[in-house]
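Per-chain numbering from 1; labels A, B, C and D assigned in written order.
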Amino acid sequence: MTDQRIRDSFANQGLMTTLGATLSHVAAGEVHISAPLQAATSQQHGAGHAGLTFALADTAAGYAALTLMEAGREVMTVEAKINLMAPAIGEVLIARGKVIRAGRRLTVVQAEVFAIKGDTETCIAILQGTMIPVDPA
Amino acid sequence: MTDQRIRDSFANQGLMTTLGATLSHVAAGEVHISAPLQAATSQQHGAGHAGLTFALADTAAGYAALTLMEAGREVMTVEAKINLMAPAIGEVLIARGKVIRAGRRLTVVQAEVFAIKGDTETCIAILQGTMIPVDPA
Amino acid sequence: MTDQRIRDSFANQGLMTTLGATLSHVAAGEVHISAPLQAATSQQHGAGHAGLTFALADTAAGYAALTLMEAGREVMTVEAKINLMAPAIGEVLIARGKVIRAGRRLTVVQAEVFAIKGDTETCIAILQGTMIPVDPA
Amino acid sequence: MTDQRIRDSFANQGLMTTLGATLSHVAAGEVHISAPLQAATSQQHGAGHAGLTFALADTAAGYAALTLMEAGREVMTVEAKINLMAPAIGEVLIARGKVIRAGRRLTVVQAEVFAIKGDTETCIAILQGTMIPVDPA
């Protein structure tokens, strides 16, 4: 799975465009995605919404899984669980997804999400989930 | 907790506005949130993104929890786990959140998310999570 | 999948015997398992251990999934998430597992665990998970 | 929280005795628990039961959380999610629990479980969960 295929797939995700997200790192078994913290993706107190945090973590973890799947496959989330540990406050969120175990039928993944405020990076969430290869539509 | 307080808080969630979401039902221990399935919130194949599904489910479940919390409190997600069972295909998603147990310190919640396509409603995801009351900022 | 096959498989689970568990109900998509609350399965304060609660819930949910799988298949837990809502206090725990969606590749399940004390039944835990068919060894 | 307090609490867990478990490492924010793989804790094919794997992971993670809580507090599991990645085959299971974030109200934890067979150690499960301090009964 080349970087380009991950980048092409990412570019087709309308939600990622809406969230202002960018693919900041793609390597075998590891993908990072960043997005600005802004009013358009906030919860009621102005911090980043849990839905934003989850979307970035899930997408980073899913593409990390895809890097290790056979060429021509696509990836879908079976399930994911996120613990939100601190409010998403700062300028930018970055989600770092990685593969824990790439099995024949399923891939187990984790992601961490960090809020960057000036020079400080705070881990605000961790995700653990399961990805599955699917045939392209 | 009156409906109005849930509605005011919801109106302040930038992400809900961005997703085109509306609060369609508020009762003690149960809240429903709907959003259109559209290109701006899609994944790479045009179905609704898992991040959209999660955002609606988490928000519906969180506000369901808030309906049973003391006046003046706000709610935050401690953690949530979602199983995605079918693609989010159709015109509208509706997330129905409810309280399973409202404890003194924590509230356990569930949500179901349905995709509506014409006259058909398909359950595409279930969420189980934990909410916590917080003091307003 | 006949009742007898579930019962035969259950009888081969050493842990279920060790926990004193019995299969109290088997129907298509739904299985119940009971076990006594006793010192041998307690946590440090004498209530039932979270490991007991999980074991019953996971097993009930897994066999519920197996009732809907093709003959000759076995079942394994992909992942499961449990919320513990109240201490496991009473005479007996009963876990009720059911299938939420039986897919071609994966089955999504839920379980509830109740503590029975005299005439009172308290829901102490809920589980949401994913089961997968496997070929017999 | 001294080692001795963790050890005293562990010794009072009937289930840990029943599973043959031992506390093999206690440090600030990290606890390891081992147990033999034996017929009494097996599933239907002779591998270790998911309930055993969960019990060890949850207990290791819970005690890891307790090492960082105030003296005199006890710990309870709010919720935990486990991904089972490989069968529990070998002589011994070892669960390594650690604290990811010790908050004022809640502690987020992770655990990994390894099956040891001869000289080989295989990661068979990962757990992510939430612990809460409680007052002693």
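Note that in this section a contact is a pair of C-beta atoms (placed from the backbone, for glycine too) under 8 Å apart; a residue touches a chain by one contact, two chains touch by 3 or more.
This one's a predicted model, so the numbers in the text were calculated from it and none came from an experiment.
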- Note on the structure: Shared touching partners of chain A and chain B are C, D
- Message: Which chain has its C-alpha centroid farthest away from the centroid of chain C?
- Response: A
- Task: By the contact definition above, name the pair with the higher C-beta contact count: B-C or C-D.
- Result: C-D
- Roughly how far is chain B from chain C, going centre to centre by Cα mean, in whole Å? 28
- dist(centroid_CA(chain A), centroid_CA(chain C)) in Å evaluates to 33
- Query: Can you give the whole-Å distance between the Cα centres of chain C and chain D?
  - Reply: 20
- Can you list the residues of chain B that touch 2 or more other chains? 78-79, 81, 83, 130
- Query: In their complex, what parts of chain A are in touch with chain D?
  - Reply: 81, 83, 85-86, 100-101, 103, 108, 110, 123, 126, 128, 130
- chain C-touching residues of chain A, taken from the complex the two chains share: 78-79, 81, 105-106, 130, 132
- For chain B, which residues count as touching chain A in their complex? 9-10, 12-19, 38-45, 49-52, 54-56, 58-59, 62, 74, 76-84, 87, 136-137
